[in-house]
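Just below sit the structures, each encoded as structure tokens.
Both complexes below contain chain A, partnered by chain B and then by chain C.
== the complex of A and B ==
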């Protein structure tokens, strides 16, 4: 019985593994090999240049700047998104002032759940159009218009949100959190709901307040879900391409003057605008390595004993 | 939950539980999400198939030997001119030669075409334009461009006694020549400069400015009336560079143009014309004469504000009127203005940047090269030029005499054409650096964006532009490209 099991399983795996190799592994390998060439991207003629592309990357100011921006996103976006969505999820599920039944969410939590999840339904393209209107740099922008209407904005000198090197990255971070928090709230809600109510009731009987219930009960029991969320958000921050390329200036975004540049936008500009595709592939490889490292480190560092319930 | 190790009835081979396995697989899987898109963008396919279109014997009427019923694949950049004109050409081609003509009207040219070129499966005709165009010099280096000399030597459709090369306006062949061969047909006869509303001028009693100072006076007067002096398409500093570069050209003459195009060591820093011009442009910023917020607007947003009389001047090319057709009030009186002069300018007031724009190419690996060539030849006919004038309200490089008299050009483009007519042929100028050096162009655009936002000084602007020139010169030791 056992011996026949393996061919049976293998039979199921051939097709998916084959497709995975063809569609994922093969492009990876191709890209890695292109990163050692001076490929222009417009034909199959290229020369082998060894590690030159990687050496150039190390001396490329714009690339270094892009790396730093990615690092900033990597710290800010997961932390803030998770904190915010944990708070929401807690309030929606167990944050209410316990009535007779004990554990419940704040009033109207079903409504909040839908409202907070809503941004997740929108595609990035729609998000971009939406926030273009919000951040628009003249008096027709939502923020600027509102500020001017209440007398806080200067009509002759409006804040050019996405054209200000000090603000543009924060504007992007805000959109990423705005768009993500709802999804993670729902994810954490689901995890919270799978926590048996008697644990909470016991905690309440013992006199635990909201903070204690959260830090002593909810957080430890949610650890695995948070870990997963962290990895997902870290990967999102390594990319951020669609949002930045549609909202900011320069070809493929990253402007003004590289102040919102991330690896992916610089990669695409090199790949398509400058016809330096080999160089762009080297960036892709660096991005892959970084994403791998970040994911592994996150999973390792945050490993804890699983609590069974 | 049922995931406790040891309860599933199978021996634990290693310490890896099922849940861990799934988790690791999932982690690996999601890692591939962001990188895969970019990595596989780099990956390429093998060579394409090579079934070429059939041909028939070449005749005077059919100089490339196009056989009937071969399919033709046409790719058009859908920008300020739209793509309706191309549909008219395609219909006419289809009527004559049959087959099916595939039309794509796109903005992201490189995104759509790079993989196809790479695979050896490009369209038969490409209008390679816009901010995401494929670089012509790369295509040329890779041997992707058909030599179009045979097109130049083919007989014109309207008058077979003339060759195509004889009916094209001067400069067109030079513009499309790469490595000594004619490879790209720059089809549109374009003009660049400033635009204003004559209605607004009349309302406020302004005179058309001849000097930079007169222009600034108008802007100042406008500001006092709550109107922005200059709008520009801030998200794309390309447009503001029209003002800056034209002022440099007019102040320093053709020498200043060549210094930049040929990557001179004193193209910017140490070039008095560039120094004076950028100081003059910066005065607009310093005195607060820009339309508020214009630095961060999309091109259409800025242009629409200008159409709403929120600004006096805006820089753009001859496609502006067509692009803004829906937003422009009927009585707007859109008018073209060659850049006003600084004192002691080398060029005259009527000097204007003009030239062939919008390159059309026939990829050498296209299936139907003869069809592509014939398509270009038909574009350069009375029927083709008329369709273009009618649908895009602009002129082609075979000039106005090939446009049917029944077509009424819009009033704005007429003012631009009048400005070109007023300028003798040898005083018209054009820059080539943005075609030739993509990275340098981006660097200069970034510097301009910073200058207009008042974040760098004119001195710093000059230094940054010079650094971009020097960097390019280092990469291209064969500096003199022309």
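== the complex of A and C ==
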């Protein structure tokens, strides 16, 4: 029965595991060791400099600014996305009333599910081209054009959305929510559908309104999924690189004048433009630590009794 | 299940109004209807906010450059596909070809290696099984970003910067964690009886895998395959880092997403936005087709990626 079992196992595992270790695990580990060097990246010569890179980071104004922007994104994006998608999911699954079973989504639920989710499958490149056009600084941009069409915009002085230091980060936040809300709606929908209908029916018979049903039935039973979503969104906003680097000005994004700088854009600029690979790796490690801290804190803070159903 | 049981007294006040009307608008009263209008309005508004920008860009394919730049609300006067041709010639055709060359190899290879690893991990007991499995799962927890600098030099050392085979290997490696994770749970659910019967009949382990398990796992393979097709088609950061020209004579092997963004940034399209929009449309159509045809698998696949 077990003839040639081990050669078979080894044969099936060697390629996937080998490739994975070589190109995924090993680079992750190397990031940590390079962060203690003054490596430029151009040659294989580097010196061990201990914690110097980390000390430099602590005194680097741009990095501090980037860190603050990351913190802002970390709070705003998950909170807003989750609130919005919870609302959508509730409407689509239990928002409708009057069906035979008493619990159903609003009309057109299937349609909303398809449409809202769509941005999730679009590439960052598409999002970049799309929102460059939407945010364009003259009246040919979709937002400026629309504002002017309804008489709200100033034709002589249109808003330069992505070049305004006060607005640029908010523009990014909006795109992240725009792209993500549908995905989390589907995620929460799946969780809501696993809640037995009789719980809702019982609440309905007790005369619970929609608000009560939501806050007293849905929310507590969804807590674990929300927690997962928060961690996932936090990690996502940690690396807002793709969007920011494509939408904002400067090498690898972050402009104007670092007002949308995040760690990842600064990391890439140090790596590719300034040839400071060791320094870039140190930023990578800071990001890694922050990601871990956020995940652990979220999981601890929101720990509740598991609800069985 | 204690939460719903602790309802406040407010509920009692509402009970009488419910009697007798099993369904119908009367149940929720005014609060319900206002909320209803508001929520419906919001759902519609969000749908418009998703569809309108996309539709607006698609319309841009048929406008002239000056029409696009003069005002947001112009309507195309001539419905021609010239922009597609111009975009194609400016590089989109090449980028599309590059992307297809890479994906024709990388997607099947991802599936094959992923299925092999997942199968062995799911169905065979051996020392270190759990360790290898968690090793794979852990890899999908961190952003690719953190590995980017060393990855670049690793691929460089292999002499594979700006080569198709280099990007293929990297795509496969970074797609493995989710593929293994998803297929692992799938192989576990398959019945063992068929497998055992085949082994008694003298089939080798390899034969059992290819002739029995793979066909049985087809639904799972399709789901994760769609996930990989979308993911690799839309990949941006890996090609941006690894597919750069190494010298003046080196060929431009940009992937579609990467090529479009660099065209946008280089200003090649400064005077021809319709062509850029056409390039975007070309790269969006396959995604749209895959998404609309496999909408359920895409949604469940991506959702499974989150809940680990």
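By our rule, the second predicted complex is superposed on the first by the 282 of 309 C-alpha atoms of A that agree within 3 Å, B and C clash if a C-alpha of one lies under 4 Å from a C-alpha of the other, contacts with A are read in each partner's own complex, and residues count from 1 in each chain.
Rule of thumb we're sticking to: a residue touches a chain if its C-beta (ideal position, glycine included) is under 8 Å from a C-beta of that chain, and two chains touch if they have at least 3 such contacts.
Not measured: the values here are computed from a predicted model.
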Superposed partners chain B and chain C on chain A - clash or fit: clash
Between chain B and chain C, more extensive residue contact with chain A: C
Which superposed partner A:160 touches (first chain B, second chain C, both, neither): first
Contacts of A:31 with chain B and chain C, given as first, second, both or neither: both
Contacts of A:43 with chain B and chain C, given as first, second, both or neither: first
Chain B versus chain C as contact partner of A:256, first or second or both or neither: first
Contacts of A:120 with chain B and chain C, given as first, second, both or neither: second
Touching partner for A:275 - first (chain B), second (chain C), both, neither: first
Chain B versus chain C as contact partner of A:264, first or second or both or neither: both
Chain B versus chain C as contact partner of A:9, first or second or both or neither: second
Chain C-contacting residues of chain A that also contact chain B: 23-24, 26-28, 30-31, 34, 41, 132, 138-141, 144, 228, 232, 235, 238-239, 241, 264, 267-268, 271, 277, 280-281, 284-285, 287-288, 291, 308
Sites on chain A touched by chain B in the complex: 2, 23-24, 26-28, 30-31, 34, 40-45, 132, 136-141, 144, 155-158, 160-165, 228, 231-232, 235-236, 238-239, 241, 249-251, 255-258, 264, 267-269, 271-275, 277, 280-281, 284-285, 287-288, 291-292, 295, 299, 308
Residue ranges of chain B touching chain A (in the complex, touch as defined): 1, 4, 10, 23, 26-27, 30-44, 47, 110-111, 114, 117-118, 120, 131-132, 134-135, 138-139, 141-144, 234-237, 288, 291-298, 301, 305, 438-439, 442, 445-447, 449-450, 453, 455
For the chain C and chain A complex, residues of the former touching the latter: 1-4, 6-7, 10-15, 18, 23-25, 27-28, 31-32, 35-36, 39-40, 42-43, 46-47, 49-54, 56-57, 60, 68-73, 113-114, 116-117, 119-120, 124, 126, 132, 135-136, 139, 141-143, 145-151, 153-155, 169-170, 172-174, 176-177, 180, 199, 204-206, 209, 230, 233-237, 256-258, 260-261, 264-265, 273, 276-277, 280, 283-284, 287-288, 290-292, 295, 298-300, 302-303, 306-307
Residue numbers on chain A that touch chain C, as the complex places them: 1, 4-6, 8-9, 11-13, 15-17, 19-20, 22-28, 30-31, 34, 41, 87-88, 91-92, 95, 97-100, 102, 106, 108, 111-126, 128-134, 138-142, 144-146, 149, 178, 181-183, 186-187, 190, 199, 202-203, 206-210, 212, 216-217, 220-221, 225, 228-229, 232, 235, 238-239, 241-242, 246, 264, 267-268, 271, 277, 280-281, 284-285, 287-288, 291, 307-309
